[in-house]
Every structure is written in structure tokens, then in C-alpha cells.
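For clarity, chains are labelled A, B, C, D and E in written order, and residue numbers in each chain start from 1.
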Amino acid sequence: GGDAKPTSEGTSAAAAPGESQGAALSGEVKTDGSSTVAPLTQAASELFGEEQPQVKVPVGSSGTGGGFEKFCNGETDISNASRPIKDEEKAACEAKGIKFAELTVATDALTVVVSKENDWATCLTTDQLKKMWEPAAEGKVKTWKDVDPKFPAEELKLYGPGTDSGTFDYFTDEINGEEGASRKDYSPSENDNDIVTGVSGAKGGLGYFGFTYFEENADKLKAIEIDSGSGCVAPSVEAAQGGKYTPLARPLFVYPSAAAVKRPEVAAFLDYYVANIGTIAKDAKFIPLNPEQEAKLKSDLESLKSQG
Amino acid sequence: MSDVRNPLPTGTAVPRNPMPTSGTAVPRNPMPTSGTAEIGVSVPNVSVRGPEVPRTIEALDPVFTVSGLSVFYGDYEAVRGVDMTIGNREITAMIGPSGCGKSTVLRCFNRMNDLIPGARAAGKILYHDEDLYGDHVDPIEVRRRIGMVFQKPNPFPKSIYDNIAYGPKVNGVKGKMDDIVEEALTKAALWDEVKDKIKQNALSLSGGQQQRLCIARAIAVKPDVILMDEPCSALDPIATTKIEDLMQELTRDYTIVIVTHNMQQAARVSDRTAFFTAEVDADGVRHGRLVEFDETSRIFTNPSDKRTEDYITGRFG
Amino acid sequence: MSDVRNPLPTGTAVPRNPMPTSGTAVPRNPMPTSGTAEIGVSVPNVSVRGPEVPRTIEALDPVFTVSGLSVFYGDYEAVRGVDMTIGNREITAMIGPSGCGKSTVLRCFNRMNDLIPGARAAGKILYHDEDLYGDHVDPIEVRRRIGMVFQKPNPFPKSIYDNIAYGPKVNGVKGKMDDIVEEALTKAALWDEVKDKIKQNALSLSGGQQQRLCIARAIAVKPDVILMDEPCSALDPIATTKIEDLMQELTRDYTIVIVTHNMQQAARVSDRTAFFTAEVDADGVRHGRLVEFDETSRIFTNPSDKRTEDYITGRFG
Amino acid sequence: MSAQHRTAAPRTSGSLARSRPRYGEFAVKVVLLLAALVSVLTTVGIVVALLEPTIEFFSEVGLGEFFGSTTWGPLFNPPAFGVWPIIVATLEITLIAIVVAVPLGLASAIYLSEYATPRVRKVLKPVLEVLAGVPTVVFGFFALTFVTPLLQDVFPFLGLDGKNALSAGLLVGVMIIPIVASLSEDSMAAVPNGLREGSYALGASKMITSVRVVVPAAFSGIVAAIILAVSRAAGETMIVAIAGGFKSVFTLNPANEMATMAAFIAQAGSGDASVGSTAYKTIFAVGSLLFVMTFAMNYLSARMVQKYREVYD
Amino acid sequence: MAILSTPRSAVQLASKGRPLREHLFRIALLASLAIAIAFLAMLIVYVVEEGWPRLDSTLWENQPSIRRPETAGIQSGILGTLWIIGLTALMALPTGILAAIYLEEYADKTKWYNRLIELNISNLAAVPSIVYGILGLGMIARWMQFGFTVMTGALTVSLLVLPIVIISAREAIRAVPPSIREGSLALGATQWQTIYRQVLPASVPGIATGSILALSRAIGEAAPFLMLGAATLVRFNPEGVWSTFTVLPLQIYSFIARPQEEFAVLAAAAIVILLAILLLMNSVAIWLRNRYQKRW
């Protein structure tokens, strides 16, 4: 914390370098990135704090892209991401000699929600979603009727995460076929509560966000079942874990830097994170990994630690 | 060492010495107009004091009748117990050392003091037999009838025309504004100097012109009385002469009350002079008092009060 | 209607009329001190004018020798071509109508004008034979030697004691400060009035006391000369008298130059008087000029310039 | 004693020379100048921080598209760089703010300067100062959770979006009321009392004096106040980010959600754009534009104040 | 003639029904002011009401928590804000006051560079805070390599409030009558002695008031920190200038975005704390002003 040099290299542990769980560590583990993943890392940080009160884990929420920017600049130890790292970002990391691993820590089910007053739609196909959201829909698809003649001519009001979020990238990639390709005349928001308010307040409203937000607001909203060709599937923990909720079930990642993991406090934090991933996901209200995913997570971390 | 002060090397120092004047005929103050020295007479020269009325301070046709006027700023009694009358179409001068309450009294005449928070007048001022501080009286109407010109010329930062037109406009005067403006400027002896630049900003005028503009502005609302608070103290001698001439001219139609620091000015222009001074009472508080009020010629040649004499002979002030 | 102005009803209006004075003995201006009227003499009474030196404007023991002084504010030449000398341990008064440059000249004597951006003096001022505007001269040192007292008393918002101690302190004077303070206040005739409340805030003093405090403050740095710019104009007559007495007292040890609006004051206190006025040159620009500089008695009884006469007889100003 | 005095001030040449060196005076002046230069350095810093990415941005996108098109969406795919929607949104919210703040602020200023007793002024001015200090997140929170729902309930026909320019503009307006009020009050207080007295002495009432003499005389000061308020409104970030939204569409309807320039910077600057991408550089281009706009407005305001000083000095 | 035109009846000075219009105008003015103040009152009532359930000691004793929003606190934010304010006071106030002294007492207004500095300062006062965020990120965090620390945040905010400090300090210095300076200089004091021993002491109340108001602006800033990417979820207190930190306004911004209702309450409670700090500072400013107001 109080070192003279503010870079991550400077924050070495003052305590014994041993990795044993019992030894009191200190130092700082800097994390930043996705605001979606932030609660997960924050929950980990809170729980870990009970074990190692001297280790500080600040959690930024600059967004997945903002997080990678700092991460590849050597300014953070761990980057949270709601989508995999992009090639340009990889290149930036490489240029600075920053090596990292991709750890999948939880699953999210992007949930498409409509107003409780909406009595005509319970299930939408991915094509229908595309029809609503693709760039070509801008200014043309204005009512539900424009999506499907069977629907009423209720005004279609679209809400979604901001263009700077990993959620937006993922959704546009999966539904519209290209990352970032979307109609622009929807209401974007960093604050998913705005989507809740917006959709619940408009009869013809539709929006999408993480499963957590739906669960917290299930009394105000109705989740739409998604049909990607093999029948309608409602978002749920089981469907997401079992890989049935496609294509909108998505993995959430953390990216630890290989150099940082050499520091005992970072290693301890990650060990704790991975060991308690089930509790953490539950606390942060995400869908926990299934056993295979959990096993992969453990081995991924081990291989990072044993790296060079 | 308490009195090493020099005695006054001025000719006026001899008490009761009637003052000789050099110059032209005197229309207002019928005083000796000898071009040569006529001094050395130690007895008042009664014959030169004009209409030989008893030494009354009452004007025959009073515009204001002030009785027992005291003015307070909060708890401080700035002026105490003033009695005087202001005669119709006369020029009344108020003189006295700084802080003696001349401005304070003057500003009671058009209720300008109402604007100062905490200021308050006790006693009575009758304006044409009507109580100026009566309940039914609207100070705004008072100020329309009783105009005022200030020490520093204060034209509005507008055109000359708009400066003059302002008063009639806010008073809802209908009629050809151009004529009103021309008439007011003409009366104020300014028309010839500004008629070609009537739309120009008034601030571009010289100090003396600005002051005459302010007089014109006051005239334009057709007041009954014009109050002037040291109207020349910011002006050079030439501008001062012009304003003094103007006052003489205006007194045909208007009653004028002027406060001045300059005794010579009071002597030159006024019919009656009120001399104020500040006195310290038993509690050590200074109050302005009216010491003497009389025809100007008498005040300057034959004051009845020692303090007046000391002041006009320059023994203090 | 151009000249209906009243002639002046003052006794000084007659040219070249030696002025009688009533009062006590005159230590500084040896002028006639008759208790009775001794007027009507039209020839200058040479015998009463003291040491009968020729009408030189040169002081015998000059502190300042001013030659060809012009002062500019930016491009504007406020004062043009002033020549005068200030005699040692004399009181020199500067009079003249407003804006004629009295303050401007005075502020050249202690280089106070240096502080006004764009102000600049041309010509020469010698202070004890040393060029006041010479390259080696430190204006701060100048101001330490040549003190100044201003029109409005300007005590620092601190205790009386701190006001006096400030000057010696900033000038690095060591020594018992209490003694310095007491001495300065005593010299300024203020000690008895304030000795019990020396730690009280100076702003709680009356105007006259504040002004004496400012004089004491100036004395405390042991200056050679004290410049005073209308030191009494904000004061009442009693306070004015006190300051004038004090000046007489101080002139035993100090050279004093005083600017005053009040002719009577100049006449009362000064040894020499400089009369300034503002004149308009060919381009219509006003410049201050020194019209006449002479012994005070002569200026007031027998001025050699028409303009001086007009001014002191109240014909303008 | 006088002899002593003379010797204390010897008449030797050079006696007026500096008696002790005063390097300190010079050092002080240098230190003070340096402090003043920090502000210049700040501007240089801002320009440097903005300039390079801005130049790169324009070499990639071109002025033509930036100013010549009306579709905005630098973070979409395909990206669009027509800046007008966010300029229009900025102007619209600023306009709403001004419509709120100028009458209220000016009326408050007239009241404080011309009507309020010193006592009342002593109470009310600090209240305005508190209003000026209220954090903008708080205004944003208030707009989003209180004002918008209230407006939706009271005026359902407006069809207000959950985020909209109207509430955001309203609250930006409330935020700048103190700026308009206090600066206008300053310039009204600077109107010489002589002008008021001149007006009263002509039989003018207080209202007429205030409206026809004081306000015109203080006019350029008032305009300067409004201009400063406008630049604060145009650059306000948190209120518009929280309550105005980020929707980048070209619309004039204040019931709609819209993104201002500052909101865009906040959104993109704390978001996904990866360093070096054109989208990232857009932040700086918009920042430069905002900087230039406020600079231009402020230059104007400085000129106004200058003019107003000239009238009385 | 003037007399003839003005009849001497008792009604001649009576008012002409003007008061009604005058009254309405006055009421309209007062109403405008009242609206502005009503907004403030409404805002305060609203946040106090919303935040009431959480206005207990856990609010400042606890750290923020994702897992237990109902007992989450804002200690790190309060302390972060206090650190930023403290450092800003240390950096911006001396610099601003010195710059103000330079501009008021030394600068020759006819010199182009002084005019440039002046224009520049008034311009900086109008630059949006988000642009300062860009400056802080690009210049202080990255180029000067100060990282995302208390120092970076404080420096950025210092630069942001610097023009406000300069402008208000200049006003306070200007309010010291020139006669005080002349009095001092006429005694042979040097310019700096005059400033240090007369001008500054006399203007301290004004400078302090202006400074406090400038700092209260700094307290509420969120936009520059948003740009700087200050961490939003920080469960420990800053320990030094190189420490990671968060500030109250940023925490509030992040609470507003949380899905659970408890966070909205928490946000309102945090706003109450922020407003309380603000009111406290303003009260000090008012007290200073009333206590030391100079009467010259």
C-alpha cells in the first residue's frame, strides 16, 4: 500500500514469502475490468479479507476493455472480463511482455426481459431477436408487429447495456453475428437498473442483461425463453450450467498476469478464489460452474503458477 | 504648545466687517457692488442688506416648512432639531463642515433617505402645507415633484436622449418625447452643445456637461423643487461657473436647495443660507445642528452666531 | 444670461490688499497681529512680512530641489514643468483646485508614484543634493526617510501598538519597541489619550485619533521629511485643530510638505505655499502647472499672479 | 534632539542606496510567478493530452465525416462518426438549463441585490452557495429517482423516457442557478449607487429602477455570468450521464434519452474501447471539441467583462 | 408657474395605485429564489428520507460489501474523500493563493504574458471536469507514472479547483483597501513585507471562505475520477498518497447501478453523508465570513 513507487511490481509482500495458508500476508492485488464480473471478484475479495486482512484487493469497474487497457499496461494484476480478450488487446499485452492466463470463473445467462404487461411474447427465436437488434432494423423495426405479424402493433422500446460493455459485445456477436453490430437507437445504460425501470415501465419494452438482474427483479419483469433452433429454453441455473441455454449462456473470466502470480498475496488470492468459487458465485448471484468447468479452472491456475 | 496655530491671514477675519465685493451687478443678493475697496467699516452697513425686514428666518411663500427635524441612522441621531423654511423660487444654500448633516437634511426633502435601511426622520416637514412624511404620501410621487442632482454627475449609461426621456417615461408622460427632451436640454443650457449627438452615450460627455445633463434630466419631469447636493464639487472652475449661471436662470421657475462645501459658491448664488455644524453632546456623540439660517447677505456679512463667523472666516473647516 | 453670477462678498476680493489678522502671536508667519482692524491699506505692508529677503522662491537650506519636473500617467502629462524648493524644517503647503496635480507632485517626493503602473517622472528632484530618481536610489529607503500621511486615516487593522511598531520592525530596527512606541505616540500628542488601550484595535479610535496615529506611525521610523496629502479633509474642526497644532510642533524636528484643499489651513500653518492650477494646452489637454510659489504671507496678501489671486479670493475653485 | 535626527539621516551621497541586499524580494516574485504559471501548465497539459490522439483521429476519420454526417456511434460496428447528434444533445440540454437558470438566477440576483435587506442577503447567499456545492452525482440521482418519475406521473402525455433530456436539463439548470445568480448579483452590486439614486430622484419605482437602470448597466456582467453558466452546463457530466442517458440518436424531443458530449466521454472513457483504436481516439476528439467550445465561450465572456469594466472605470 | 401647476391639495402626494405592480414584481423575484431553494430543500428531504434506514453507525464503520448490502458501509469512500480534500487543500490552496498574490500585487497588466495568464485562468474555470479527467489520466497517471493513486486523484482535482481558488483569493486580496498598502509602503516596507504582514492577514477570512467553497466543489466531483478509472469497490482505507482509493461520489455512482434495492438506500445514505460534509464546510465558511468581516 504505502510504497513509494505506485506500480504493481513495488507491492511485494512484507511478510514471509511462504504460500502456506496460515502465514499473514500483506500487499495489494489490483483488479479492474468488467463491471459484470466485478461483483464476483468483489465477493472473493470480501471473503478473502476475512482470511488475510492485510491483503488489499481493490476492484475497479472500468469495463472489460478499460480493464484490459490497464492490464496490458502493467497497471493491474488481474483483469475481469465478460468476453475473451481481443487480438488487439493480446498484442498490446505482448508488446509490454505481459503474460497471462484466461480463467473461466462463472457462467452468466444473458436474459432477455419484457414487461409483465406483455402478454404476447413468451419465447423468441434468435432470428426474431436479430430482426429487432440488427443494424438494419434501425428506424425500421418500430413495433412488435414489425418483428412478427402475429404480435400487436405495440411500440418496441429497446434497452440494453452500453456499447462499452462486454455484455453488449457478446450479445451482438451471438445474435447479430458480428461484435458491436447493433442498431444504435436503443437506450444503452451502464446501470442495469435503468433497463429494469425502462422495460418494466413500457408495455412494449424489451431489454437484456445478466441473469442476476433478472432474479433480483423477477417481480417486475418477465424473462423470455430463447429458441435457437432446438426449442424454447428459459434462462435458469440448470439450463446455463448444462449448456442448454444457447447461445446466450456465456462464460465470465478473470485474467491474472503471470508476473503477478509470482507474488504470494496474488497467488494466495487466486488460490482462495478458485478454491471457493462455488460460494463466491452464489454470493455474487452468478451461476456456478459445473464440475468439469471447475476442474478446468483449477488446472488452468496451476499451469499458470508453474509457468516460467 | 497648545496654541501655536497661526492666526488667519484673511481679510474676513474681523468680526462684523461688512464685505466689499468687486464685480458686476447683483441680481439676487442686493449687496454692495463697489468696484473699489470699501472696507474698514466696522459697523454693519444696514443699507446694503436689501429689503429691511426684521431678522426673520421665515420665507414669505414657503415651499418647505421644517420644524423639529431630527434624522436618525439606526440609533445614531445624525441631525438634531432643525427648523427652517425654504422659500418659493429662491435658492437656499446649506453650508457647514463635513459630516454636519447637510446631505442628510437635503435628502429628507425628497425622502431619498427612505432608501437607506435604518434611516428615519422625526419632526415635521411640510411641503406646501402637506406633511411630507404623512401616511398617504407616496415617496415616489414626492421624488417626481422634488428633483435631485448629485455631487458626482450620474448619467445613466445610455444615450443623452434616453437619459432625458427616462424620467417622463417612467412617470407615464405621454406627449412628444422629442420636444420634451429638447426643452429640458435647452433649459439646462446644454442643447446647443449636444443637439448633434443626442443619440451618443451620455458617458462620453465632459463632467460639466454630464452635470448639466443631470439637471436637464431632473427638469424633464417638471418638478417643483430641485435639490442639489454639492453639484459642482467634481467640476472644474469653468464648468462650475456654467452651473452657477444655470441655477440663477432656473430659479425663475424652480425652487432650488443647494448643499455646498464652498462658501464662496453659497455667497455667489443663494438667497438664503443655512449654516450647519456638528456638535458633541454630553455623551460625546456628534450631532448635526442648524446654527444659523438667514439671508445670505446677512450670514456672510453679519452673522449672529460666533460659530458661523468662525466658519466663514476660515477659523475652522 | 451668461454672467448673472454674484460677485463675491468676501473681504479678500480686493487685490493686493494686505490682510489683517486677529488672534495671538504668530511664531511662523510674521504677519500683522493686530487685534483691531488694520485694514484699508492698499500698499503692501512690507515691514510685517518678516525677514525682508528678495522674492526668491529658493529656500536657504533646501531639502528638496525640484527642477523641470513633469509627471506622466502613461502618455498623459498630468503635471508639467514644476520648479520649487522645500526648505529644511519648514512647512510647505501646496494648494490649488481639484485635479491640478498637487497629490501627483507630492507623491514624487517619496517615489510613491513608482507604484502606479505607467506613472513616470521627468525632470530632476534633488533630495539633499542627491538625485531622488538616480539609479542607485532604493525607493524603499527613500520612503523610510520621507514619511507620508494620507487623506483618509489608514491605520492597519491591528492594535495601536502594532501600528506604531510595524515601521521600525520592517526596517529592522532593534531596540526597545515599547520605548519607540511611546516616544512616537507622545510626539504625535496621542499618548495620553491611548496609553491605557495600547493593545486595542486602532480602528476603534476616532477619525482624528486615527490620523494622529498615522502621524505617529510615520514618526516612529524617524524620517527626515513628512509628506501629508490633505491630512485633515476627513476630520472635524476640533480634530483638524489638533493636527494643525501638531504640525507646528513637529516642524521643530521635521520638514513637512502638506497638500490641502483648504486655503485657510495653508495660510494658518505653512511657511511657504505653492499654488498649482490645471491649464488646458493648445491640444485641449489639461496639465497641472505650478503658478506661484512664495512665502505664505505673500501668497495670501500680495500674490503676483492673477490666477493665484482669483483662486484665493474665491473667484473660482 | 534635532541634531541627532540629522545625523540619523546623513546627507552623504548614496545614502538613499539600498542599505541591505534584498534578494528575498526577487525570489518571492519568482515563486509567485511560478505559482501563476501552474495554470498555464495545466492548459498546456490539457492541450498535449488532447492533441495527439485528436490529430490521429482526424487523420483516420476526417473532418468531413466528423462534421458532415449526423450518425453517431463510434463504438458500434460499423462505427459512425457524425458528431452532430451529441452536439445537438449538448446544446439542447444546455438550452433547457439556461431556460431554467437565467430567469430564476437573474430574478434571484435582482432580489438579492436590490430588494433583500443585508440581513436577508446574509442568510440567502450561503444557501445559494450550498446549492452551488451540491455534488453533481446527487443532482443526477435526484433527477433519475425523483424528478423523472414525478414528471412521468404529473405529465404522462409528455411520454418521458426513463432517462431524458428534460429532467437532466432541469437539474443542470438548477445546478447553474447559483452561478448566474451570484455573478449577476456581483455585477449589479458594482453598478454605482449614483445611478439608482438618479433614477429614484426622478420618481422611478424600485421595480423600474431595477429593470431599466440596474440590469442594463450590469448587462455585460450578466451576460458574462450566463456564458460561464452555459459552459458549465455544456460540460456537465454526471447529471447527464445518470439522468440523460447515452442514446446516440439525432433527436430534438427533450422527452427522449440522448447522449451529450460529456456523457459520451464519460461512457467511452470508462469503458470498453481499447487503447489505440479509433473509437478510443474519438474520446479525445470529442474532448478537444468540448474544450474548444468552452474556450471560445469563455473568451467571449472575458471580452464582455472587459467591456463592462470600461463603462465605470 | 411651477406652483400653479401643482395644486396644494392634500392628495397631491398620494400614490397612484403603483404598489400592486411593485408587489407582484417583488413576489415574483422572491418566488424565483424560493424555487431554487425549494429544490435544495426537496433534494435534502428526499435523500434523508430515502437514506434514513441506513443512517446509523454501520454506515461509516463498515466497508462496502457486495455480499451484505444491508450492512455495507462507506468508510473507504469517506476516508478517500477526506484524503483527496486534504491533499487538494495542501496543493491547490498555496499554489492558488500565491498565484492570486502574483496577479493582484505584482503582475503588470500591460504585459502580454500576464494578460495571457489571466485569460487562461478564467478559461480554465470553465473547462469541464471530465476534461480534467482526461488530463489526469494522460498526464499524471500515465506520463508522470503516478498510477491510479490518491496522489493522482488529488493532483487532478487540485488542478481542477485551482482556478476557482485563484479567482476567489484575488477577490479577497482586492478587497483590502489600497490605503493599507500605501500606508505600509510609505513606512519603507518592501512589497513582500507589505503583502505578508498587511495584505494577507487582512484578507485571510476572504481567502479562507473562497478556499472552502472551492474545496466543496472538489468534494463532489465524480467525473474526473470516472475518467481516471478509480476503483469503485475498495474495502480498505487509503494509507498514504500512493494508496489505491475511492471517493464517496464514485461509490454513490456505483451503488446506484447495483440491482439490489438495498444499494439505492445505501446510495441515499451516502449522499446524506456527502451533503453533511458539504454543509459543515459551508458553515465554517459562513462563520469565518461573519466573524472576520472587515469594516474599513
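One rule holds for everything that comes next: a residue touches a chain if its C-beta (ideal position, glycine included) is under 8 Å from a C-beta of that chain, and two chains touch if they have at least 3 such contacts.
Just so it is clear, the model here is predicted, and its values are computed rather than measured.
J.: Both subunit B and subunit D are touched by which chains?
T.: C, E
J.: Starting at subunit A, find the fewest moves between touching chains needed to arrive at subunit D.
T.: Counted as steps through touching chains, the separation is 1.
J.: Given the two chain pairs C-D and D-E, which is bridged by the higher number of C-beta pairs in contact?
T.: Answer by contact count: D-E.
J.: Distance-wise, how many Å sit between the C-alpha centres of subunit B and subunit E, to the nearest whole number?
T.: 51
J.: Approximately how many whole Å separate the CA-defined centres of subunit A and subunit B?
T.: Result: the chain centres lie 86 Å from each other.
J.: Distance between subunit A and subunit C based on Cα centroids, please, to the nearest Å.
T.: 86
J.: Measure off the straight-line distance from the CA centroid of subunit B to the CA centroid of subunit C, and report it in whole Å.
T.: 31
J.: At which residue positions does subunit A touch at least two other chains?
T.: 62, 66, 73, 190-191
J.: Quick one: which residues in subunit E touch 2 or more of the other chains?
T.: 18, 190, 229, 256, 264
J.: Can you list the residues of subunit D that touch 2 or more other chains?
T.: Correct list: 22, 144, 205, 242, 270.
J.: What chain-chain pairs meet the touch criterion?
T.: Result of the pairwise touch check is A-D, A-E, B-C, B-D, B-E, C-D, C-E, D-E.
J.: Would you pull the subunit A residues touching subunit E in the complex into a rising list?
T.: Touch residues, subunit A against subunit E: 1-7, 28, 30, 32, 35, 38-39, 42-43, 45-47, 49, 56-62, 66, 70, 73, 75, 190-193, 196, 212-213, 216-217, 283-284.
J.: Over in the complex, which subunit B residues touch subunit C? Could you list them?
T.: 1-15, 17, 19-24, 26-29, 31, 33, 37, 39-40, 42, 97-99, 233-234, 236-237, 240-241, 244-245, 248-249, 262-264, 267-269, 277-278, 280, 286, 297, 300-301, 314-317
J.: Contact residues on subunit D for subunit C in the complex?
T.: Within the complex, subunit D touches subunit C at residues 1-2, 5, 8-9, 11, 13-20, 22.
J.: Residues of subunit B touching subunit D in their complex?
T.: 110, 112, 115, 117, 140-141, 143-145, 147-150, 152, 154-158, 166-167, 170-171, 203, 214, 217-218, 221
J.: State the interface residues of subunit E toward subunit D in the complex, per the touch definition above.
T.: 18, 21-22, 25-26, 28-33, 35-37, 39-40, 42-43, 46-47, 50, 94-96, 98-99, 101-103, 106-107, 116-117, 119-135, 137-139, 159, 162-163, 166, 190-192, 213, 216-217, 219-223, 226-227, 229, 249, 252-253, 256, 264, 267-268, 271, 274-275, 278-279, 281-282, 285-286, 290
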